[in-house]
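Every chain is named by a letter (A, B, C and D) in the order it is written, and numbering of its residues begins at 1.
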Amino acid sequence: MDNLATVTIDGRVVKVPRGMNLVEAARLAGVEIPVFCYHSKLKPVGACRMCYVAIEKVPGVVTACTTTVTDGMVVNTKDPRVVKAQQGVLEFLLANHPLDCPVCDRGGECPLQNNTFGYGGPVSRYVEPKRHFAKPIPLSRRILLDRERCILCYRCVRFQKEIAGDETLTVINRGARVEIATLPGREFDSPFSGNTIELCPVGALTSALYRFKARPWDIRSSPSLCDQCSVGCNVRVDTRNRQIVRLLSRENAAVDDGWLCDRGRFGYEFANHPDRLTQPQVREGTRLRAAEWEEALYQAAQGLRQVVSQRGPGTVGVLVSPRLANEDLYLAQRLARAVIGTSNLDYRLTPHPTVSPLRPDAASGSIVGLEKARTILILGADPLNHQPVLDLRLKKAASLGARLIVVDEKQTDLAAFARLWLRPRSGSLDTLARGLVHLILANGQVNQEFVDRRTEGIDALRARVADDTPERVAASTGVPAPLLEQAATLLATNGPASIVYDRDLGASDDGAAAVLAATDLALLTGNIGRDGAGLYPLVRAANEQGALDLGLMPRRPSPPTPSPTGGEGGHAGCPAGGMTGAEMLDALRAGQLKALYLLGVDPLRELPDDRALRDGLTGLTTLIVQDILPGPAQELATVVLPGAAFHEREGTLTNLERRVQRLWPALKPPGKARPDWQIIHDLARALGTSFDYAQASDVFAEIASVVPTYRGLTYGKVGLKGVQWPLDVASGQEAGSLYEDPGDTRLAFTPVAPSTARIV
Amino acid sequence: MGEVGCSARVQREAMAHDVAKDIAALVKGLATTFKHLGRPATTVQYPEEKRPVSPRYRGRHMLMRYEDGLERCIGCSLCAGACPSRAIYVEAAENTDGERHSPGERYARRYEINLIRCIFCGMCEEVCPTQAIVLGHDYELADYDRADFIYTKERLLVPQPTKGPTSPPTPSPTRGGGWVR
Amino acid sequence: MPFEPIITGNVGVPNAWEIDVYESRGGYRALAKALREHQPEELVDLVSKSGLRGRGGAGFPAGRKWSLIPKGAPEVYMVCNADESEPGSFSNHELLDWDPHSLIEGVIIGSYAIRARVAFIYMRGEFWKPTGQRMEAAIAQAYARGYLGRDILGTGYNLDLHLFIGAGAYVCGEETALLESIEGNRPMPRPRPPYFPPSIGLYGKPTAVNNVETLANVPHIVLNGAEWYTRLGNPPRNPGTKVFSLSGLIKRPGNYEAPLGITLRELLFGYGGGMLDGRTFKAVTPGGTSTPLLTAEHLDVRMDYDSLPAVGTYLGSTGLIVMDDTVCIPCAVYHMSKFYQHESCGKCTPCREGTSWINAILYRITHGQGREEDMPLLLDLSDNMGGRKTVCALGDFAGFPVTSSIKYFRQEYEYHIRYGRCPTSCQPAEERQWTISQP
Amino acid sequence: MSDGLRLSAKTRAEIERLTTVYPVRRSALLPGLRLAQREIGWLPREAMDEVAEIVGVDPNACYALATFYDLFYREPVGKYVIGVCEGLACHLGGSGRVLGWLKERLGIGPGETTADGLFTVRTFECLAACDRAPCALVNDEYVGPLDEARLDELLRELRSHPNWSRVSGVGGRGSGASIPDPQYPTPDPRHSTTDTRHPAPGEGRS
């Protein structure tokens, strides 16, 4: 093979890709080369000088991290010169490093300890007094710096500069007085700062939250997922004493690339909160009292039954949180539709956005596919705020050569990394997007082959955007025509191109039309259904995609009810119509709802203070609140059911790229709390149905059997790294991009005039 | 059958031999008794009286202090890690200048040993970087309630030296067991 | 040997830094010749043939360096390293003072040879009065006369020249650190590979980094031909002249241009006027403090790029600091180590920690607290930081004075360790004559 | 300009111009800092923030450079900074004595400023003027070789002569810093060090 080089490392012969550095090559050969500054995700700097190796025909020793393999290279990592040099480096490093391992949070999992044990000399000859600093100093609320321990590998600063793209942390001074620091009075305020703690090969950067909480040997670890946003970063939950003590990254190259944002990393404290609900409660007069599960469920079932029988199922509403797992969501909708008999079911409290007409309603490509894009249009999306780790991926794509086009009135974080930043006036996003469509049509940059073969309705489109000339668009958006021209050209000719937008953009009028135009742009340029080319409507909540997939909203195809014989049943008994969340809240204010089941949702907490809403809730005959922490709605509840947090249960979440990933129980739920799916199951049984799921995987098996996009998925298949739906029917493997296979159906350009394009 | 009859003499002889042996044994046994009759008793009147234990005896644990009264324990949990029966529980916290328990940054807020689990192997003592946990000579550990066998820090910590700390301690490069701060 | 100075020809000429004076002495003729009569490749060949070796210290052939720049690269930079900071060398300082135009001319020719459109002169921050001011004025004059800017001398060649002034850091003399400094980053040397300046240099683009003296030689080679240059100095491998900086305890300190291959004796006792009265020669740093010392036994060694390595040292930047019998070597080495401790950039572990450690040990030794084991420790530490174990050569440099002084003057260290005081009086004599160098 | 810590419009404009002169904007950072110090005399945080803002980088980048280079001051310095070279040649030539005389005349050692704010004494490692040993850099001006008489003359000149301005005639494109030393800075309390390993300034003079 031409692109492989044969190298011999400590007598082991391996073939590795050309251009690979020796540290990685040795890893492939099963030889460990000790490192401090080297990290596979960062550019080599050769600062720590730990990774010396000897290479035949090369004088002296060289650093493995900065040396790339060449064919026929013979490497020795155990040469006496190497051993001496490495001992020397460790002696230098330890000269000023305090031996306070017993109080250091890194002690026990410290690369410096390990490398000293593995490669260091027996004693130090350093007799001068050690360097002393005031310690620790807080770099931020989250991160503490112990300068005595720092070995100046610069991993933290390099992470910030190369991956996060900022200089919120820097290096000061010179020579032996070099320190990691920020400008005095300035906080280390990167939204990704926590990664530096994990990167630090010593205990120089430590977490203020984890400080002195545990030692590595009294920690229990469990794989899990971050549930703070829709990226679905993989985490390792470290627990001690039935408490989460920290979250660490569990690298999943396809999802998070090994990084976590600070919101995810440090946002676990709710799970440890002393006020966690641990006991079901029922209302007794004006106050709630603790009850056993049987009683609480009986009361809840009675309340529901009473309302259904007296006022009809149309007066019952079910609101669920899009952070709940697929299993919970699926059972919740079954309970609502098949058991209670209502379609007043939603995961949103605000009106639904207009979405792309393409079905299924999901991102067409994958997160990792963005790295293959040459152009990325970021339309009214701010991943840093809503999908932070995706922000890193987009920066990575930019560093790999993708041209970013940011369209946003605000200066988003990505604007600084963008080739073009278009700033349309507020409310003119749709004009701008249609202007781009116009330009591509006018300049003949249409991917004609794709349009002919895969789409329909281009003539109507042509007519609709005929008036959106660059001059007019420039006048109404304030974006100069040449910039529009450049953007259109990049999008159409510098392929593959991906279009990323916030799915909630469709909630505003101009955004709704822009979302539709974005679909048109993707279809016109043929940028859909391939690696690097795709349409990414970014959802926000951890399992919002799951809620969409499982039909957790009215007037959307719902999963069919399974037949009692286990096969696929029909939609019998599923009531049509139904109210959305926003409509339910209106009905509530008007006193038209009589019973409400809140699963992980608290309208009083999530919406601005609303007297009418409070009165509506007070006026309910039955208010069942299922949550993990107390909230204002609970004060009005008739029954309170304690649920389990993400790390206390089994289940699956579907992230913004359709990846179904698993949750594992790291702890038992506190007190008598139960996983949400189990509570719904128990409530359904209390209502007299024959729900029979012994464990979460039974629910998931049913989801896989009735939801077409989830067909073929099992917990085993989902595994530790997750699977993107849909699976290929024949091979059982991930099918990759959506809309890849033309099939019979053609993809339609925006079917209706934008002004009437409200869907849902 | 004849064999039985012919053995009568043999039986008689054997019996005489046995009697002689019994008597000899009796005499021997009584000799020991008589020999000890005049000697002082070795039984100790426990609990009024106690036998001394060897210096290396491993009894109930103690948490030691420095001369200035500061706790030696820094809450590092190495003892808990080394304990083969997982009998030790440590919860660390940070010293502040206002409330200082030990030198350096860290001290043990909670330190508990479950003496029912403990097998008195001394690993904790061995591994302690500050020589804070020491197995003492106290072996009278019976109690009425299982919960009372969980020895808390307050019970384990040796009392403050009679003259209290004269000045706030300053961290020195080395102190206690060669542990370098 | 009859000897005509080449690059110091304008030193001492009144107002040599004015473009009129420079032109009247034949300045910018070479530029016109180079641009009008030669293709860039021919100039690279010419300099290669002349055998000119980089005067920054390593002696890498200048023509070879230029030929490594990929042909047809869209963006190429020329950078002149005028960050002279090596203790003991001050030749560039004086050249720049007197003759900024000859450097500018060299830079333009060099830039043309590698097809650079932008060139930098990186000058150390301390050189402002008058050096930087004169250079700035000279660049402005060169622009005004059409030697810089667009369509130089009507040849269609464009070049912008920036004077970039540092702010005090020895490590900026290292070429990759210098490039980082221009880029606005902390000047820490880059690992090579992959950052070889000819392929990945300034702003990640191919870049030639040349020393002041190297470039100042170029106009003369263009005018007089490669053949002429190869006959100078100590051919074939060490042609040309070099400006030697003599300082320390010597009668006539100053810069002296001399042919490469001149003996140390001739340099010190001929040009330099010999030792101060009543003193005897003890040691000298042949190329600044970053080269191993030479002693009286080496007086007849020839000063060039190949003869010095044969006796275990290097030509370096030819800053000769002379020490005589009144100098205590460990104290002098302690001072040298202080320099490296101060100047280490802090990137590589061995250099960052090693320079401080060595400095601390030498402090103890020279202050009466030496230990028997300190000498082997010093040698071992020098070994652990030297031998190309660090990104740049500062790690090696810091060890050279230590190892060479222990090699030649072990007994002085032993004396210090044993008796806790100096074998000589460290105080240099009071009656030193003050002279300002004017070659 | 009111507090003397902010840059004048002229300097801001000059830095602004520099950002367009070089092939990459960031290259203007070091010259920008030099210009800022030329105006203010040292680099207060406000100045670093301003330069960073003009160049379009994080202020931390300015801090990183300001603490690396010898010629930048993070603390106010006297009107005249006398930087005595302590390179080997100057050491052999008697730089220790020069520092001793300065201590005698001004009462300050390296890193200190006289109470009247007139003089700051600092050291340099090597100024590349070894033939003038022992030499010194006084603001931008090289002086040397220094003996006792020449030093006294210099001090007298500095005290009386109006031509010695705090910011000597620096100007133009890459120009700048007249005054130096982060070598022995008064530590910022948050970054204070009790580094006992490095020999105290000025020792080693035997």
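The rule is short, and it goes like this: a contact is a pair of C-beta atoms (placed from the backbone, for glycine too) under 8 Å apart; a residue touches a chain by one contact, two chains touch by 3 or more.
Note that the structure is predicted; figures quoted are calculated from it, not measured.
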| item | value |
| --- | --- |
| More contacts between chains, A-D or C-D | C-D |
| Inter-centroid spacing, chain D versus chain C (mean Cα positions, whole Å) | 24 |
| Whole-Å gap separating chain A and chain D, where each centre is the average of the chain's CA atoms | 50 |
| Chain centre separation in whole Å, for chain B relative to chain A (CA means) | 55 |
| Separation of chain B from chain C, taking each centre as the mean of its C-alpha atoms, in whole Å | 74 |
| Where chain C touches two or more other chains at once, by residue number | 169, 186, 341-343, 345, 356, 360 |
| Residues of chain A touching at least two other chains | 96, 128-130, 171, 173-174, 176-177 |
| Per-residue overlap in chain D, given as positions that touch at least 2 other chains | 57, 61, 64, 68, 197-198 |
| Set of all touching chain pairs, with the criterion as stated earlier | A-B, A-C, A-D, C-D |
| For the chain D and chain A complex, residues of the former touching the latter | 45, 48-49, 57-64, 67-68, 182, 188, 190-198 |
| Chain B residues within the chain A interface of the complex | 74-78, 80-81, 92-94, 104-106, 129-130, 173, 179-181 |
| Residues of chain C defined as touching chain D within the complex | 75, 84-90, 92-93, 118, 123-129, 132-133, 136, 162-170, 181-187, 203, 245-249, 253-255, 285, 289, 319, 321, 323, 327-328, 331-332, 334-336, 338-339, 341-343, 345, 356, 359-360, 363, 366-367, 422, 426-428, 432, 434-437 |
| List of chain A residues in touch with chain D within their complex | 96, 128-134, 137, 166-174, 176-177, 179, 181-186 |
| Contact set on chain A toward chain B in their complex | 98-100, 102-103, 107-108, 129-130, 135-136, 211-215, 217-218 |
